[in-house]
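Below is one structure, written out as structure tokens, with a few remarks after it.
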Amino acid sequence: MSFTSDHKVLVQGITGALGVLYAPLMKAYGTQVVAGVAPGHGGQRVADIPVFDLVEQALGAVGKVDTTVIFVEPYRVLDAALEAIAAEIRQIVLITEGVPPLDMVRLARKADRVETLIVGPDSPGIIVPGQVLLGTHPPEFYTPGSVGLLSRSGTLTYEVALQLTQAGLGQSIAVGIGGDRIVGSSFQQWLQILEEDDQTDVIVLVGEIGGDSEETAARYIAEAIDKPVIAYIAGRTAPKNQPMGHAGAIIASLVAGWGTEVGTADSKIAAFKEAGIPVADRPSQISDLVKKALSSM
Amino acid sequence: MNLLEYQAKELFQQMGIPILPSQRIDHPKDLKGLKIPYPVVLKSQVYTGGRGKAGGIRFAENTIDAIAAAQTIFHLSIKGHYPTVLLAEAKYEPDQELYLAVVLDRSQRRPLLLGSRAGGIEVQAAVRHIQQVVVDEEFSPFYARRLAIKMGLQGDLIELVSGIIEKMYRLFAEKDLDLVEINPLAVSLSGDVMALDGKVTANISALARHPDLAALREQLPRPGIGASTALPSEMRLVELNGNIGILCNGAGLAMSTLDLVNQAGGKPANFLNLGGESDYRLPPNLLQERVQQGLDWMIQNADLNVILINLVGSVVPCDQIAAVIGVYLNQRRAGQRPPLVMRLVGQNFETAKQSLAALDVPVFDQLDAAIARAVALSKG
Amino acid sequence: MNLLEYQAKELFQQMGIPILPSQRIDHPKDLKGLKIPYPVVLKSQVYTGGRGKAGGIRFAENTIDAIAAAQTIFHLSIKGHYPTVLLAEAKYEPDQELYLAVVLDRSQRRPLLLGSRAGGIEVQAAVRHIQQVVVDEEFSPFYARRLAIKMGLQGDLIELVSGIIEKMYRLFAEKDLDLVEINPLAVSLSGDVMALDGKVTANISALARHPDLAALREQLPRPGIGASTALPSEMRLVELNGNIGILCNGAGLAMSTLDLVNQAGGKPANFLNLGGESDYRLPPNLLQERVQQGLDWMIQNADLNVILINLVGSVVPCDQIAAVIGVYLNQRRAGQRPPLVMRLVGQNFETAKQSLAALDVPVFDQLDAAIARAVALSKG
Amino acid sequence: MSFTSDHKVLVQGITGALGVLYAPLMKAYGTQVVAGVAPGHGGQRVADIPVFDLVEQALGAVGKVDTTVIFVEPYRVLDAALEAIAAEIRQIVLITEGVPPLDMVRLARKADRVETLIVGPDSPGIIVPGQVLLGTHPPEFYTPGSVGLLSRSGTLTYEVALQLTQAGLGQSIAVGIGGDRIVGSSFQQWLQILEEDDQTDVIVLVGEIGGDSEETAARYIAEAIDKPVIAYIAGRTAPKNQPMGHAGAIIASLVAGWGTEVGTADSKIAAFKEAGIPVADRPSQISDLVKKALSSM
């Protein structure tokens, strides 16, 4: 896995509300935020990070970067990401929520063609405890270790990380793949990355009702993942057909209307059980299941 | 955001998809000025399906019949919803009814074209016969022809129907829609096509760049959760039937907290996601403001035995949240509000705990403990 | 197809590019109903450039001045063209004038964004300072920002000007344009921008899918070659001053034939490309019909000593072309038409040669020989 | 070069006016036209060529093809070409004139990404005398030989070919790259193909006024082409700033307005002379220059 403390990071939208708040926190964590981009703000500094008008100007000044973290407003996320891709940045983290799904379709088509990894949007990004923070995870909840944590949520990810940390289980990485309907990378992609990652011994997958990401992930784990995986699904008791935040948005209109039950907690839990994956009933049970998995290795 | 049938058909017309002559009816007396020749069909304009079976679609041969039918439909509830508008439409006898739709496929991250020769009311029964075409790269009309051919269409129908699919896709893409559906698309023996019913769902995130669709939102009463309009649209509320109010930051966390309350035998009255973690407009005091708004809403709109607040991992330190709670408590005496149970984690937790303890608000850093206390209080 | 300034500005306005308050003036008396406050600028609406130097732009402080200025401009020829319409516009004092354009780059097969800080009348002098950005992949606003930064813009102007470039590109792409130019884009000290003059060229091939642009074509008299409207638009005619008519199938062949006639000392009167080789609408008898139309046009509209017909490689056999010529000759006696010289190659050449020899029309299969005969006849 | 009599060819738009006329002529020349495509006409036959509704259906029935020749109406050319590309056809000949330039831009972006060779639009296509006809060239004007003929024209190409044939100079290939403003492949691409083609000893480039294709080609020849090249330019005596057919359309509005003289016959001839390339004054002089070049090899 390529997310280490050596990595050089760009922040696009560094002068906006999110950028100004989180870029200094990322830097304070030790992340090498080498430059920021904000059109019209070239020449300024944010937390001593130099700001440029264009991505290509930033790279011209500071050299190649490994990842860009994008905090721009929702309708500019697509353009910022395309600008990064045009400058040959191949790892992109999208934090902002509210990106129109068809913008993400266009970005996904492009990213697939040029083999670019997109995380988000509507995501807390990535944290590799003790190494690098690429997003908004609260670092104090995390500690280095061997649990790889994948999630569609923001604060629920922090909750799970905190409980793992309190149980003495550090994390090799935590990734919020994003809560929006269309996100840049799937659970499967990340499962594969963690399967190949030497630092990761066990994977925790935190899902939610809505969509079919968890069902698809469960099938993929059964076929392709040898490391132990522990799952948790939020929304078991949530009412159906109610859009609630980002979760379950698709249940409402389409799939459920045709009488199929994909997207419910039952469907997801059944898929994990069928794949032989233990499912925690509550967040506090996750660490027990992780310990059990680690002890039987 | 779902549109009503007549709004969807206005979009179809703009895009050149053929629709029947029709007229919007706001009051039964509007039928006196009807410009469509009889016989006509009167259709209840509600957001839910199943209106045909419920009696929300009626034929009329003349004005007297039509006014009577309209009065009936205006007073007919379709799954709890009354129409504020009807659509009067020319009557049409199709020879063949097709199903067509454009949707977004989450896992493939691409639009999907759907079609079936078993359209109309048959589509639910024949759901397994619906053909799919993924629009993998930028759309081009050959994707529409692929669908038409997968549907089993032949001869002139291939171009005719793929022409409609192409227009549906353009509408979908230009207006940032989540769904465009025509069911049925009527096909006559002479080879004409006609969208007899249509569904359009606009994407909420994209609404601000489509003023025409945003205007439709203002134009009509919204379905369902009326009360939540008092809250900022980013704050998502779900109402239930119990006596515990749940207030969280984040959708996943809110659902997880709801599950834990239910698992512990509590009865949630509602759950409110303050949102805003990745909101670009984030002002520094967003969370504090929203906690205040959320509590205000809860005590005014629900009869609660307890409010459980679960806030995790915000950049706002715990003591600042405690300060907001202090202000809230000072404004209301104990009899005017249900007790609070708080779960906080983050910076300055101990300070927050002490200052809230002085106000008789229990504060926990362990979620399970907070849940147990809230459920106990709800029963006491 | 070039649009007039006021038509270009209507498109700018639709796209949200700021323009000054303005009003179209068809007659000087229209100025009595002017809705723009004085002082105003009156601008001749012609397709050619250089109207400022020619006196086609005048300021007016009041109605009397304005009517006098309008009368002057209506009677003022700009490089041979008289305006049929003027544009009255509010007066504006820019602090800075930029040049912006979107064009197609033939060799790169991509759109090109052009921009310069030396806009207005300075742009011709400072042509080497015009910055370029190739829109290599699908457009995204960062291409516009690249141009703004290459132009040397800083601070708020980057977003302000790139916003205008983005709208120009969208106009260019949505309407299939060959050129969108704003010169100058005025920038005020307070940071407002304003398109003071604009040029838009619509692509003729794409016109049929843009009814709004096609309507503009009908709306106004076309510049230049008025007579050619009697011919199908696919037949391209160029008029010169000599006495040899040249009729060919294909643009390259027509130009090559023209060169050969000139090189042999002949004086071409015009050359007409029958077109249609790769025309999708190609009916089987297209070439025969167009030969007939071309000859009819030539003898009615030009005083010719000879007509040279050079037709190469058509799927129509030579004898069928000979038959058309036979019909044409039968309709007109020798005194009513100039002599013909024909160069044909293809199937049934000998049959064609014999039948035309009987009608006293020399036919050659060697191009140089046909040229020599036509030039000789033109002098004879 | 991959255009031989073994090659399998698809014709899109085979039931339209151009397709019905030329597909049988292509077949009569010996070209293996294995299938045609025309939506709504699936199941029919044109000159005994089976017709399908979709390209993928055609390929499903007859197997892989090497080239597709597209005769559809102008506003459907882009879609037909994209359909062919989606079916993994990597050589596309566009005959139809009047394709909107921005459609060609979209096609060029796609073709560049997937390395697809596009000829045309507004083109007579390709003929390899004695082997294969991919377009509308009149075969009786051509004879096999070693002259590679590149041109932007239709009938002027036939004229030059006929004069070469009459002078005893056969052709290895003739390509009309297309007369429209935006065409799929450039003179440079074809010069490179002919440079590497064993059958070609000498190259004849037939240009026209307008645009900068000839100037660019001249520079490219000087740098990269070792085989002898003979040039001819039509329109030396044509008036300036008059749009005449496809030629010279760009001179009028843009380049000329800025006082530069790119696009004129003088500019093109000067560019060829500077690159050491003989320029014929008239079509009948081309064969003399070709013979001279061949004799000095």
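Think of it as A, B, C and D in the order they're written, each chain with its own count starting at 1.
One rule holds in what follows: contacts are C-beta pairs under 8 Å (C-beta built on N, C-alpha and C of every residue); 3 or more make two chains touch, one makes a residue touch a chain.
Just so you know, these numbers come straight off a predicted model, no measurement behind them.
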Required steps from subunit B to subunit D (each step between touching chains, minimum): 1
Between C-D and A-C, the pair joined by more C-beta contacts: C-D
Centre-to-centre distance between subunit C and subunit B (centres being mean Cα positions), rounded to whole Å: 52
Subunit A and subunit D, separation of their C-alpha mean positions in angstrom: 50
Chain centre separation in whole Å, for subunit C relative to subunit A (CA means): 54
Subunit C and subunit D, separation of their C-alpha mean positions in angstrom: 26
Sites on subunit A at which at least two other chains make contact: none
Set of subunit B residues in contact with two or more other chains: 137-138
Chain-level touch network, classified as line, ring, star, complete or other: ring
Complete list of chain pairs which touch one another: A-B, A-C, B-D, C-D
Interfacial residue positions of subunit D with respect to subunit C in the complex: 16-18, 21, 25, 71-75, 95-102, 104-105, 108-109, 121-124, 136-138, 140-141, 151-159, 162-163, 179-184, 186, 206, 208-209, 211-213, 216, 234-239, 242-247, 250, 253-254, 257-260, 281-284
Contact set on subunit B toward subunit A in their complex: 2, 49, 103-104, 106-107, 109-111, 124, 127, 136-138, 173, 176, 178-179, 201, 203, 205-206, 208-209, 236, 238, 240, 248-256, 258-260, 262-263, 271, 273, 275, 277-284, 312-315, 345-347, 367-368
Contact set on subunit C toward subunit A in their complex: 137-138, 140-142, 145-146, 149, 154-159, 162
Subunit A - residues contacting subunit C, complex: 39-40, 42, 53-57, 76, 78-80, 82-83, 86, 106, 110
